[in-house]
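There are two complexes below, and they share chain A, which is joined by chain B in the first and by chain C in the second.
Here is the complex of A and B:
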């Protein structure tokens, strides 16, 4: 298992971010944060993370879903696991644009509030499946 | 816009060849696309492929009767407009056809003009029906979006508190837990308070809408209400060097629910303080003019961008200005004010210059200018 991974949290609730960041840091990860989708994409481009936790309703009602798609289209981020976290949406929305599940890649959905153990286990599993050793965006 | 311009075809079903030909010619002449069929079964079969907006059907035919055709047409597409033609126009057959879903009937013999007129009206009716259905769909979508939005607003503070508690429990006696605990518990209190205010405002709005609040009608002295509200916010204002002043004539009654008048003025003054700048001012003015009592709350604060003004009184609408720190609020204060003003027979308006400040103006009927209001008292 890879330790000391870099995790980007994109969420507009600073308290939620604070709580999760503490949890993740304690588990040995370093945490980057962004408070809306636009900021999140910029941050991810500048400092490519190993995993992204992404909220859905931020400035716009379904912002997270579009951010996920945008992130997927960036070659160096295409393989970064994205976990969608939402208090309202508990599954992929019916408005999804692409016809297959692949549009969100290896994502998981987590319902807010997130169970800390389940999240940490999920992150471990996702990072083990995507060790990030290969140059990001390159297919081995 | 009628069917000819929309390009929606017409299907004519009649066992009489001469009648089919006459209908086709009369309608094709003014630009309609017409398909004709000699019996109900073939006509219905064609409906799936030609997608007509309107069907003209003879009531008396061998095989499937006109009434059967109407019933089955409606099963295929309930929006199709149906006109029946009938050779023996008794009221009862026409009524049966209309009951089965026909829009209108045309007794034989009829002129081409009569047919064209009834078809045009049929298409107009159809257009109205389609538009209203579209509105209904749009309304339902809006309602669902709103439910999603409200549940998000209510859950957000709850989620933050839950997440803090969950992580605190996870940290247990770890050294970093001690330093987090105090700060996080304070944040939990702030967020539970946010949730409580949200629920309070939401209930106030629901009570206003449901008629459980705001229906009382008594004389309320706004000068007293204003004095009391300003006293409440003096402390908060002083913290940022904000001066609160009132320019209110002594005797100034309005007609309404005292609780609501209090909420109205409280919300406006609270906003004027919250969205102000250090060292700014909040001025409450009351004037009586042209049969109205005009309550004005003016601030020297951050103002509202012009493009946000039309949505300012919408539920949960919050102004986002780059570089301006987020101001706590439920997004329901102004919708409540608007509702209260309307309940009192008045309106609320806003003038604002971004970066310079806002003036909210509530215009209420002056009870002294209309004697009926001045004397009327009801619960």
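Here is the complex of A and C:
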């Protein structure tokens, strides 16, 4: 299992971010956080993460959809796994388009409320499979 | 043409899905103006914009582009940077789509331009209707409604858009949204007709252009051109913002002390003092009056002969930006007045 990776959480729900950060840190990862799309993109550029957990409905209800595309356009971040973690499909029934990778460019989709074990397993698998996600070990 | 309805509540979701067809760009506010640029979030878009500072021609004919590099070892190497960038331009007015259609004729016609064509192939256009302001005269120029040149065109019906599907790509966009659109009803059509009638009445400017080529033909020596020459400052702002002005200059940048360099093209303007200078220093349009006259004749007369319609689409940008207050609508009206006064 690959641990010690840097994970960026982009989500406007500060309680959720705090809970998720605790979960990830317990699993051996270091965590970066951002509370809206713009902040998230800036953070990812400054400190490229090994994996990104991205919410959709933040300042506006499609924000994450645009952020995912923007992250994919940044060459140094283009191959960083993006997990969408959102309640958009349960809260917005009018969004009838499935989160297909062809348009969203994400690597996995997790509905809120999340199953922590499933998410952690997914993160471990993605980090293990992704050659760019080098383990850092304990960050000094 | 296939027609559907998109409820406005789905517009942001629709735009999100459009990203699979390219970077989504649209009109956004910038200072006191509006510009087309990539959207970083949907709320940046301003679909109520009157007009953008620069027309969408910048997507197919950039203000400056490198055409090729040359090196003794490699010869000529085309610069294809950005030619494969796919862009979905959301919220283009009918007059600007007309502008692109005219440029298509210029750059894909007798002398096909591979750089233009590559960019054009990768540009998807989602048109949107608009409310004319005090500078708009697209209705006179028959550019207030388009039937081609767009992939989708959205007509505002209040809480929904009547959507014309213009191309197979537009149809793919609709299909990709998996049911955000619905079929058109009789009510939608009636609403569309009512709103179209209101829009037609909203035009303040409505110059008659039917006999304009003939008037221009007859008034070539009119003193109006000298008068305009005295006002024009040859800044070229009108051609920079014009959706159909396509003049460009080509220059070489050679690296000092080497045999390497690159050739690029940049937007030019027929208003610039050196536009008609040829080798040996002769300037065929040395006076400002001759340059102003040329521009008007090319738009309103030359284009009709060449392409069957004026080169002007009535977007109103030149009226808005000219620092000397040169107003094409007033010029057309005055020319007609003078012409008919002399005839009577």
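Here is the rule we use: the second predicted complex is superposed on the first by the 115 of 140 C-alpha atoms of A that agree within 3 Å, B and C clash if a C-alpha of one lies under 4 Å from a C-alpha of the other, contacts with A are read in each partner's own complex, and residues count from 1 in each chain.
Simple rule for what comes next: a contact is a pair of C-beta atoms (placed from the backbone, for glycine too) under 8 Å apart; a residue touches a chain by one contact, two chains touch by 3 or more.
Since the structure is predicted, the reported quantities are computational estimates derived from the model, not experimental observations.
Asker: Looking at the overlay, what does A:70 touch: chain B (first), chain C (second), both, or neither?
Answerer: A:70 contacts chain C only, not chain B.
Asker: Pick one for A:61: touches chain B only (first), chain C only (second), both, or neither.
Answerer: It touches chain B and chain C both.
Asker: Shared contact residues on chain A for chain B and chain C?
Answerer: 59, 61
Asker: Going by the contact rule at the top, pick out the chain C residues touching chain A in the complex.
Answerer: Counting only chain C, the residues touching chain A are 7, 9-10, 12-13, 15-20, 23-24, 39-43, 176-180.
Asker: Hey, which residues of chain A end up touching chain C in the complex?
Answerer: Result: residues 37-38, 41, 59-63, 65-67, 69-70, 73, 92, 94-98, 100, 102-104 of chain A touch chain C.
Asker: Mind listing the chain A positions that touch chain B in their complex?
Answerer: Counting only chain A, the residues touching chain B are 13, 15-16, 18-20, 22-23, 26, 57, 59, 61, 87-88, 112-117.
Asker: List the residues on chain B that touch chain A in their complex, please.
Answerer: Touch residues, chain B against chain A: 145, 148-149, 151-152, 155-156, 159-164, 166-167, 170-171, 174, 176, 180, 184, 187, 191, 320.
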